[in-house]
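Below is a structure I'd like to ask you about.
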């Protein structure tokens, strides 16, 4: 399989999927959101990830999202796409359906629902890789898949050219540093991106090549500034940006009656609505949008972290 | 929504999906397996459950299985079908695709992959119910879905006519008895079936109306005899059958290098091959079939529990 | 090590430790409670178990409880004692301190707090056994110890004379049946008692030799009647008693603001106070007693299950 | 209760307890180990933590360790002591037994074994605090206690003067940053120390005031250099030290047949023996020492990370 000319590093937000009030993809909002990310200076876009509510979309919706995203991005930055499903055959179907779009790679989880052992996981990634020339990213997200991808297995898949990188949402910072160290010792076959919004600074110290922050939909330029500062070795700025982004991340804890994406993605959508970037904070059914006092508290946090001013003045880092 | 003339109780095995060596549905084997179950006296058949490897099938394969199963069963017993997928919209797609087949109901899990709260679960079941006139069964299988359906929620869904019953694979016998007691106190809106092969006898004492035993593919008449004995109050025979079936269930622990369905369903398929009922023990990719010494040990257990004789002489309940 | 003349089977309630309002052991209440159990016909008494709040007692309190219990029971039935602590040396200290009392054996968990592997568990049980001539019971309680004792290890310890039996509070009914079957196949080196109050009937079918029900403090004669019925093969009575006891067990779910022993043991103590057997429902600090509406609901359940009448008329099995 | 003149920050290793071959406390080795830590420049010493095998010691052994440690340290740095036990009363007994030693505070976990709710945890910490004038540290170690201390509860206990700090071994870096941010917003009532050896650098960025690294027994001067570099804002050196210490930490993964402290503490003891600082790598019974090829691999790692040279030349930071 081919490898891309340069590995994808830096800030690659998992793109939200804005919806109209009746639950259809809201194309104008999607275009504004993509513009917001590109203006913020992101290095790539990850469509159809967990934050994109991919678990809730059927095949037609997935195709519609990819068509709109790749059309709007139009090659300005690489776009990678989640091909998330229960098992190998369905994942390959999603890959095949996506081949006609301008994509720089696919993001693949281990199989889920059925209990799965290491041999099946290995076969799974190799079978998906055999179905495409595009690079694969392993998506390590035990909170959804209920299995942790072992570092040794990831490195073997990397050394064999099966995967090009890892999107780590494992919540295991000790494991991430061990993976980063082992990756370096092996000649860095893998690009490592972290998905944990408020500990990206520590991940950079540990050896992350970039981040995939859901919160990067709301404040892309903050994550971009943090990345540039890390590359420049300006760790005091890294820390200052991370602390402010951590304060902003508190929006996801405001809807006390919701869990999972209804809280987290719901808070991101609500913030983007308050910032005037998307039209509604509608969520995929069966989830419902955040309402009431939680919206006020989200708005307060946006104010306290300087984003409401940015909303009026335009986002300029 | 309509209710069936009589609730489905008794022995309703989750039908395996026999495959050819190259991974296609093996129709002659499927027909023999269905004949084996009907000869055993089962009260119904549950197609496309976890034991039917539903997690591994795409839409075309699911339709092909339902077509073959309903065609072969031809109304001799009720057939219910799993419509297992990550979220509401896809589940409803599976329901719509299945409406043309002669089915007595659908088996639905809570949403999975995305973290889900009680409100979403409630909305999910109600939305699926609104999409069909056929009865729904709630499938409580935390080992796959990673959420336990609360008894109070199940009873409310039952009282509201959203679900007709529960297939309990929760591994929580205390919770099952509390559900059974609360169900009786509420006028028994729910039919309760247990999915745990070797504690069906205790579930009967607790109030189960029947069982959905994966092992029932291998020895349907054993489960049927146990059910008839429980109805007749002959608990010594119930216990004797259950003890023998528990001995038989040890086949799933023989493949020590496999986990999940690769071990469990793999053992059932291997046993059925040894009994001459299906052609191969091929599993859905990325799983591999059981081989080597584990096959010998499975064969020994079949002998020790009297099934190899039955295989020669025919299964007579 | 010696073995007792006859293995301890039947109903062996884990004795509560009644306290005065200021948290001291309430000896008159303890005597009345023991009388209540003996009148109910129990086959033995298990002092200093989890239900006896052993985790909360220092060495002096443990000795005081054993002195009072063995003095009051005075050989009418066997008394076994929990020697629960984090690690081997402390467990052996508890054993040594208890040797002067008239005890029929000790109940020992795996080590806890420190993460522990199978070799350490094996060494632990053998070291404790080497410290006494009295029989040991393995206490399998993952909800407290956070490790499940494997059946194969228990059987090996039984075959080697290290343990005489298992008190199973594992919540794993499938595992319990497999243990029971393997125990029978090995010549029954182990006596198997279940600790799960509302599925004792199923455990009897699976092969349990008796029960250790915390709820047996409240209604000992109910558990004794169930045991006698099981021995007589009168399963309809077994089921009827179990269903009534399951209804009674709902008392532990009434204090909705409490978890663990504060709810469960707290409900047992509250019920016994309402029945006039103990003076207070005081719990070991830092737990607080059940108060308010939950007490009323507990009293209602006692009435609905016929115990308030029994309280007035005396408990006659 | 009193507060210390200055809060304890910096590097506070959890002191190992060296044993002789027959399992007694090895006082000469303990003195050498303490000298090794003091030479390394540590800011304090934490005796009787999990790494000190406190779970395995009876009261006499605990007292002997504290007597030896405080006698050897002789006020050169503050010593804090773990008072780890199942419940409040025993913890208070350990506090009372330790009051005669020169200690700067106690380290207290939530209650364990019995399932415990937030109210009991609150009462527990307040009751222990009321038993001493010395500062308390909350020890958040879910892998042993099986409960995570919520940030809001910790901050309330800090604001009320019940605890002076937190030793975080929770493995939850997102939670740690949220705790650090909330602590700052509340005026920093708590001192925050991290217990995770290989992500201390990220914890410093997040706001940690220091570390409690078990690996700090082996290489105290490495952790001290990292701490000084962090204070000086020299993050490239922080990262370089952390990367080397992470490489050193791989010693704990060499004994593939062991888990928990038998692997981790066992590796630390083995390394210290190879460095000539302690006499044996004996572990508390029922654990056994690391032997065979794992020792060779540990020695190789010591060589690769420059410690074997240091062992000969003396440890000079």
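Per-chain numbering from 1; labels A, B, C and D assigned in written order.
Everything below uses one rule, namely that a residue touches a chain if its C-beta (ideal position, glycine included) is under 8 Å from a C-beta of that chain, and two chains touch if they have at least 3 such contacts.
It should be emphasised that the depicted structure is a prediction, and the values quoted were computed from it without experimental measurement.
S.K.: What is the graph distance from chain B to chain D, where chains are linked when they touch?
M.R.: Shortest path length, in steps: 2.
S.K.: Common contacts of chain C and chain D?
M.R.: Chains in contact with chain C as well as chain D: not a single one.
S.K.: Count the touching C-beta pairs: is A-B or B-C ahead?
M.R.: Comparing A-B with B-C, the pair joined by more C-beta contacts is A-B.
S.K.: Between chain A and chain C, what distance separates the C-alpha centroids? Give it in angstrom.
M.R.: Chain centres of chain A and chain C, defined by C-alpha means, are spaced 51 Å apart.
S.K.: What is the distance, in whole Å, between the centres of chain B and chain C, each centre taken as the mean of its C-alpha atoms?
M.R.: 36
S.K.: Hey, what residues on chain D touch two or more of the other chains?
M.R.: Chain D, residues with two or more chain partners: not present.
S.K.: Touch graph of the chains shown: is it line, ring, star, complete or other?
M.R.: Topology of the interface graph: a ring, with each chain touching two neighbours.
S.K.: What does chain C use to touch chain D in their complex?
M.R.: Those in contact with chain D are residues 50, 53, 55-58, 61, 84-90, 93, 111-117, 119-124, 127, 143-146, 257-262, 284-288.
S.K.: For chain A, which residues count as touching chain D in their complex?
M.R.: Residues 171-174, 177-178, 181, 196, 198-199, 201-203, 205-206, 233, 235-236, 238-239, 242-243, 246-247, 250 of chain A touch chain D in their complex.
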